[in-house]
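All chains are identified by letter, namely A, B, C, D, E, F, G and H, in their written order; residue positions are counted from 1 within each chain.
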Amino acid sequence: MIQEMRFVVAYLFMAIGVFFSLTSVLGIIRFPDVYTRIHAGTKALTGGALFVLAGGAILAPSWQASAKFVLIIVFFLITNPLSSHAIARACYRHGIKPELIYKDEYGEKISNKKE
Amino acid sequence: MILTLAVIFPLSSAFVIPLLHLYGSRGLRLFLPIMGLGAFVLTLAAAASGFGDYALAFFGGWPARLGVVFVADGLSSVFLALAAFGCGASFLYFYEQMGTGPWRFYVIFFLLQASMNGVLLTGDLFNMFVFYEIFSLAAYLLVSYSLTWQAVEAGLKYLVMGTVGAFFILLGAAYAFIATKTLNMAALAASFPQMPKATLIVIAACMVVGFSLKAGAFPFHFWLPDAHSSAITAVSALLSGVVVKVSIYSLIRVSLLFFGDALPSVFDVITVLGVLSLLGGHLMASRQQDIKRLLAYSTVAQIGYIMIGVGMGTATGIAAAVFHSFNHMLMKSGLFITAGRLAEEIKTRNIQDMKGLYYHRRGMVLAFTVLAAAIVGVPPLNGFMSKWYLVVASVEKRSFLAALALVFGTVISASYYIRVLSVFYTPGEGFSEHESRRPVLAIAALFSACCVVLGLLPFFTPIWELFVEVGSKALNTKDYIAAVLLK
Amino acid sequence: MGLLLLCLGIGWWLWKGVAAMEDPEFIIGPAAYYIINTAEETGAANIVAAILFDYRGIDTLGEASVIYTTVCGVAMLFSKSKYKRSSAGLSFIARRGVSFLVPFLLLYGSTIILMGHMTPGGGFQGGAVFATVTILLCIVFGSSFEMSRIKPKTKETIESLGGLFFVFLGGVGLLAGAGFLANTAAGFPRGQVGNFLSAGAIPLLNIAVGMKVGAGLSTIFYSMVRVLELEFGEQMSEVEGNDKN
Amino acid sequence: MTAFFAFVCVFLALTALVASEAEEVLSAVISLSVFGVLMAMVFVILQAPDVALTQAVINSGLVTSFFLVAYSQTQKPNLLEQKQDIGDGQ
Amino acid sequence: MIYVILWGLMLAALGGFYRVVVGPTVPDRIVAADAMTVLMTTTLATLSIVFKNGVFLDIALAFAILAFADVLIMAKYFEHGELHK
Amino acid sequence: MKPKKAPIVLFVALFLFWALYTGRLDFAGLAVGGLLSTLITWATWRIFSPPAHELPRNIAPPLHFNFVWSLMFFPLFFWEIFKATTQVALLTLRPRLYLMPGIVRVKTNLKHKTSLVVLANQITLTPGTVTVDIDLAHHELYVHSLNLRTLDECAVCKDVNRLEDRLRRLLE
Amino acid sequence: MIKISYATAIFVFCIGLYTILSKRNLFKTVIGLTIMESGALMLIVTAGYVHGGVPPLIPMEGQAVNPLPHAFTLTAIVIGASDVALALALVIKVHRRYKTVDLDKIRGLKE
Amino acid sequence: MRAMAFGDPVSMVFVASATVLSLAVLLYNEWYFEGKERKTFRFLTVGCWIASLGALFAQDWLVFVIFVELVSLTLWRMIAFADPKAALIYLLAQLGAAGIMLIGVAGVSLETGSLAMGPVPPEWRWFLLFGLGIKTAFPGLHFWLPKAHGAAPTPASALLSGFAVKLGVYGIARLGTFASAPELLIIGSAMALFGVSMALMQHDAKRLLAYHTVSQLGYVVSALGVGTLLGVAGALYHSLAHALFKGLLFLSVGRLEKAYGTKDLRRFGGRAAWEMPYTFIVFIVGALAISGFPGMSGFVSKVLIKEALMEKGMYPAYWALQVASIGTVISFCKLGYYGFLSGSKEGEGRMAREGFVCFRDFSGLLGMVFLAAGTIFLGLGAGAATSFFGFSASGFFARSDVFSSLFIVFLGAGIFYLAKGFLASGFKGALTLEALLSEALQILASVRSALVKMHSGSLRFYLALAVFAALAILCYLAR
């Protein structure tokens, strides 16, 4: 019974993760510019991967495997914001202007600084 | 033991040199000649140990089927001796010219020597690939060592083509592995005849293409003239004299061991490649104005000679190929050393600017003359003898086309070497009056003397018999398999 | 197009080469022996590591030498160049995050090296992780930051020592009369399979390779990062010169 | 599993093609890194964890950094000016 | 069931690949490639459940720990034009 | 938690990592892990406090780690993520995109640079917002948001402040 | 499955070869080398696979795959990486001399 | 190494001719050259002589080829002093010949297990014959000869036609000494006729002599083709005689050349008979000898050859040789006339009178006189000489022989007198291998330019070619 519960919960998590992955990829395809796509990419991680991995951690045969799943989650949580942030900043510094933007306080700050 | 040391000693020398350099460079001055000498002696010792009977060294104490084994037989012994002499001369030349300053050069040099010994000794196909890669990388680096634009470009081209060749070799090894699930060469040779033909073809083609790319046979030779002419003199001598020969060794070993019984048409391919590279190399060399480039194209042609010998696939053919390899090492190393030194001294490599060099650099030009005569095949010198045996081998196999190509190539080569020599001996002015330094002269003189001696030795039947024995032993795959697998 | 056809022609023959063979049902050749006997003979749980460092140790020495050659070569090619030191790195967030990660990366690398005889991994992979760490440091903190910590001299020393250590461990076997790179036959303790201290010399060899690869790959990166090159014309006499960095 | 593996293989070939055909070098490098990940996956499916780990370690970080270092070094057409700048600056 | 997860993740990665191919700018490609890497790492981890062997998690972990280096390097290149700054 | 305790926290973290990664709880494994962790801590704990010229000195390292709150914090955090992800997923699934992206400046009250960084990362992890840059001097974050919702009122700031409050309770 | 793997490996090898042959950019050449190498490696690893095999680590349940190709592949990966590093270093050097990475312009050495 | 030993009469004859000629040339050198060149030539002549001795004493085909190559090398060096290009062609031709011979030799050694000089299996004979044919300048294979002779310094020319080409004859003789060889007969007669007809068309004095070498060698070859003892004796005798008188003629033409400063017959002043009487005298001896004037060496040898031919009933060859003799006479009349006699005694043209100021002048003449004496000795002492071959020659010199020779000589002189104007006009364009060879060279050049185009520096092309070759290899292996 507990075993079956485990399976159900795990696959539920995984299904949610896959759903989020697919939507995020849809976002990557549909969104208009880099910055918005970065959001979608972040979601691929947080929405998709984390849930799938959590499901995997539940499903894993031994505690060592579960621990490794947890480690993967932890490292994703540490590393991915870094890379997303670095890319966003690099894009902005490189001079790629967002195609669709309603408010840009960062741009104002940079231009102020330059002056 | 000695076989292992022949690889390990230069390798650890290469590891030690940075330490010596970083912590007191005086040690470098002291130890570098010792290392060079040690590598030379150990290589020769390995050659000697393998000449009579099969000498084996098992790594990790595992039998040949399980681990890697080093095998020295007659064929590898001859090539080991060749490598020892070629590397020694090149080392001496460079040491005399540059001293201990460019220590990284020595690191790469010793890596090259170690890996060449490894290729010559190893009895395992994948291990051969690994050593092959080391020495290829070292060779690319040595080519681009001088960092002139020619050197860099040549190094890059050499690298790309050589890497493609290496991948072909890797592919061949992979197919051999897929088919037999083993990579020991003896075990492979034992199981090759039962292989499906399609696989056999792929292995053969990959091996031949890969080794030809590395050796510089005709349609694959394009990196060779660039690399050999752009490198510094010592490196040119090393590349033309030794490095290319190691590829030839691999070709001989692999083709004889694997395809001798299973797929004899490989030898036709090798013969055709040999004929093509002979004619192509000579024809291209005959219009060169740059002396090092001329010599480099001549190397292509000489590779063709050797490959014709290999392609005959008979004991005489192999013996002639081996003999010619050795001779070519002597001649081409000597030629590169003399011509390179002359070109460095007068600061031009254009042949037309070398008018009257004889009257200013008597010793070097005389040595060059002897060596050039030898490479053309003037009778009492070694080039003639090896060509004669090549002709004998090809006539024995009734491939007159190859024999005629040999003759024709010799005629063309005479034409361009005479062009160079006549420029040297035409009176002319405008060179500084000093003779090259002693050690270089000594190397050149030694090599030309060796040319004369080796030209006369085969007249004494026993000595030629030795070479034929090497060839027939290399052909005798059954003995090889038995010696490696049953011990 | 012709070129594509050319390549596909090669591919066609290659395909015929494999298509002629049947899929293997079971393992033959030396590998069967390895699978059965590795635990007993070497004490390593990872058969690949046992093959790499014991059965075919000379291959690994060759592999290490390949990297060494490349390192020396790249350093030689760029020996005339100099570092353009700069501390312009990435943003503070990236710096902080990476600096938080670095100890874990280091531990991860050393774990891979030390567990090479039990789990996937080994000297090469761990060394590559170390190299990645140094590269990351350079990228994130700017080149001046990392330079103040590990000098090229140190790296080169580490690399040479790694190589010598490998050769020394091999030489022990040679001295013991069991052949170069012999493991248990040369008296290294076999230990309990799956235990940390097992497999004789394999962990030590892993460490040697890890030293070599880690120092080597990061040297390659740092050599290539050097920018300013004095164009010395093309005379041969000025090649190399004195290589002080 | 076979179908999944076939899919991964097709994917691998696609990434290789893109790495080959992309007109920008950077795009090719990016594609190459994806290619490396797929390679690792292929190795995993072929039950070769050691190889996959090596591929992972080499592919993420090392190869890309080498490519990008080389690429950034070749993006400066006029080196002499640069040299001047640096000389003045320090 | 687990295959559905695998296929879903890989299809998602394929969608990301579309962006890698057509992405108008390089950062687009980088973002998409990063997302693909994450998805494929997850797939790798899931594969370990398929094969019932925890060893394969090591590879996923390696990607999880090291894959961000790729993006950081590219971001650095993008921000400064060269890596040695 | 005093500054000298930083290495100890690092050591514990490393040791935990080792134990989880290797999954061996026998004596040899733990001993080697302890040894390695000690070594690496000794070698690298300084990286946590980079040289003086890198950072303004007056910002102290985080003072405490509220363990009890952390039990609450992480589930909330994940719930937050789940919520945001669902929102954004629904956003992408609509036939027409209703996006209103923009970069806003968010003023925070966090005092410590590490907690600032953690906040930034947390913001990035939450779908719909990405931290573009950080202004250490003014304790400000520049956040790119996928959907500002309103132009005048800073809806994003509210979200961020909610996260920030929790973080402050965790770390300060 | 093995055949699929072989086919892919060969195809990848051919793509690498095609890249080297057809692209003018030197970086593309190096990328081609990498791809080619990967194809060869995949071929070797496939050679060790058996149906239903498990990884060659000692607590084995079932038949292990052939570990020998894995060892080869490890070595070959390292060699390939070294090749790539050296090639890139040389590309930088060539660019220093020629101010271009266009392969059709790097033709100083002719005939 | 297979031993060398003193040879039988066959080689002794050639040794004698080589020795005598070398001595004469050595003496002549002293007059002809100055300074450094003289030293070099002294050295080279001696070297040439030693090498040819080696070739003649060789018991072994390989050693023979080696020494012949050495002779070629020394001669190449001599020719290269005057004209490097012609020398190169000469050397390349010789090398090619040697190479082809080597193929044959290799075949022989494999077939019979020994390399000993002597008859060889028929399959390999053609290789050897082809190689030796180039050395002996068979028609069609003679392309190198006129150029080399024309360009070379006179002593080199003398050595060249005196015994360098004879080494080829020696080889042919060794190939089948006492076997009838119809192909040799045909080749020989063709050579004789062809050489003479070409010689008639020349107005370069040395080229004329060179073509005569071809023609005279034709006698020798056809005599060898007879295959009887008599034929061999005739061949040997003729080659000995030819060495002497051709050397003599070359040396005297060399003196003319030095005096006039040109080799063109039409530009000779024709006053040499008065200014250089000694030269004229020895020239006359040589000319008479080559024309087969009774009492001279040429007479004896030609009679021997003709007898041999008659004996076997080989009339076509006989008549061909007779016609060739007439042509010989005509052309030597031409040479003598334009070289020595055409001008009047008081003509213009400045020319140093022959004198004997120092040893040099003397030694130059001495060499020639030495050869002339030899020629006359061989003619008059025919009995003594032929007894060397083991039979008495006296029986052959019947009156009819003397008369027929005289008839030929006078017929030739008469024809020359009548057709003087026509003969002076010269002749261009002959069907030789040279044309073919130049065609071949054209092809070679185009191949080479294609090769050069291939080396375009484009790495992609190189690799594409390599891959293509790989594909080709795969296809070939799968066949």
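Methods note: a contact is a pair of C-beta atoms (placed from the backbone, for glycine too) under 8 Å apart; a residue touches a chain by one contact, two chains touch by 3 or more.
Every value quoted in this text rests on a predicted model; they were computed, and no experiment measured them.
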Third chains touching both chain H and chain C: B, G
Least hop count linking chain E to chain F through chains in contact: 2
Pair with more cross-chain C-beta pairs in contact, given G-H and D-G: D-G
Furthest chain, CA centroid comparison against chain H: F
Inter-centroid spacing, chain G versus chain B (mean Cα positions, whole Å): 27
Centre-of-Cα separation between chain F and chain A, whole angstrom: 15
Length of the line joining the C-alpha centres of chain A and chain D, rounded to whole Å: 22
Residues within chain E bordering two or more other chains: 13, 30, 41, 51, 54-56, 58-59, 61-62, 65-67, 69, 72-76, 79, 82-84
Shared interface positions of chain C, touching two or more other chains: 3, 6-7, 10, 13-14, 18-19, 24, 27, 29-31, 34, 46, 48, 56, 59, 62-63, 66, 69-70, 73, 77, 84, 90-91, 93-94, 97-98, 100-101, 104, 108, 119-122, 124-125, 129, 132, 135-136, 139, 217, 220, 224-225, 227, 229, 231
Residues of chain B engaged with two or more neighbouring chains: 126, 130, 133, 137, 140-141, 144, 147, 149, 156-157, 160, 164, 171, 178, 181, 197-198, 201-202, 205, 225, 284, 287
Contacting chain pairs - touch in the sense defined above: A-C, A-E, A-F, B-C, B-G, B-H, C-D, C-E, C-F, C-G, C-H, D-E, D-G, E-G, G-H
Touching residues on chain G, where the partner in the complex is chain B: 13, 17, 20, 26, 29, 33, 36-37, 40, 43-44, 47, 66, 68-69, 72, 75-76, 79, 82-83, 86-87, 90-91, 93-94, 96-98, 106, 108-109, 111
Chain A to chain C touching residues, read off their complex: 75, 78-79, 81-82, 85-86, 89-90
Chain E residues touching chain A - in the complex, by the definition given at the top: 1-2, 4-5, 8-9, 11-13, 15-16, 18-19, 25, 27-28, 30-32, 34-35, 38-39, 41-42, 45-46, 48-49, 52, 54, 57-58, 60-61, 64-65, 67-68, 71-72, 74-76, 78-79
Chain B to chain H touching residues, read off their complex: 156-157, 160-161, 164, 168, 197-198, 201-202, 204-205, 208-209, 213, 219-220, 222-223, 225, 263, 265-266, 268-269, 280, 283-284, 286-287, 377-380, 384, 388, 391-392, 395-396, 400, 403-404, 406-408, 410-411, 414-415, 418, 422, 459-460
Residue numbers on chain C that touch chain D, as the complex places them: 46, 48-49, 84, 112, 120-122, 124-125, 128-129, 131-132, 135-136, 139, 217, 220-221, 224-225, 227-231
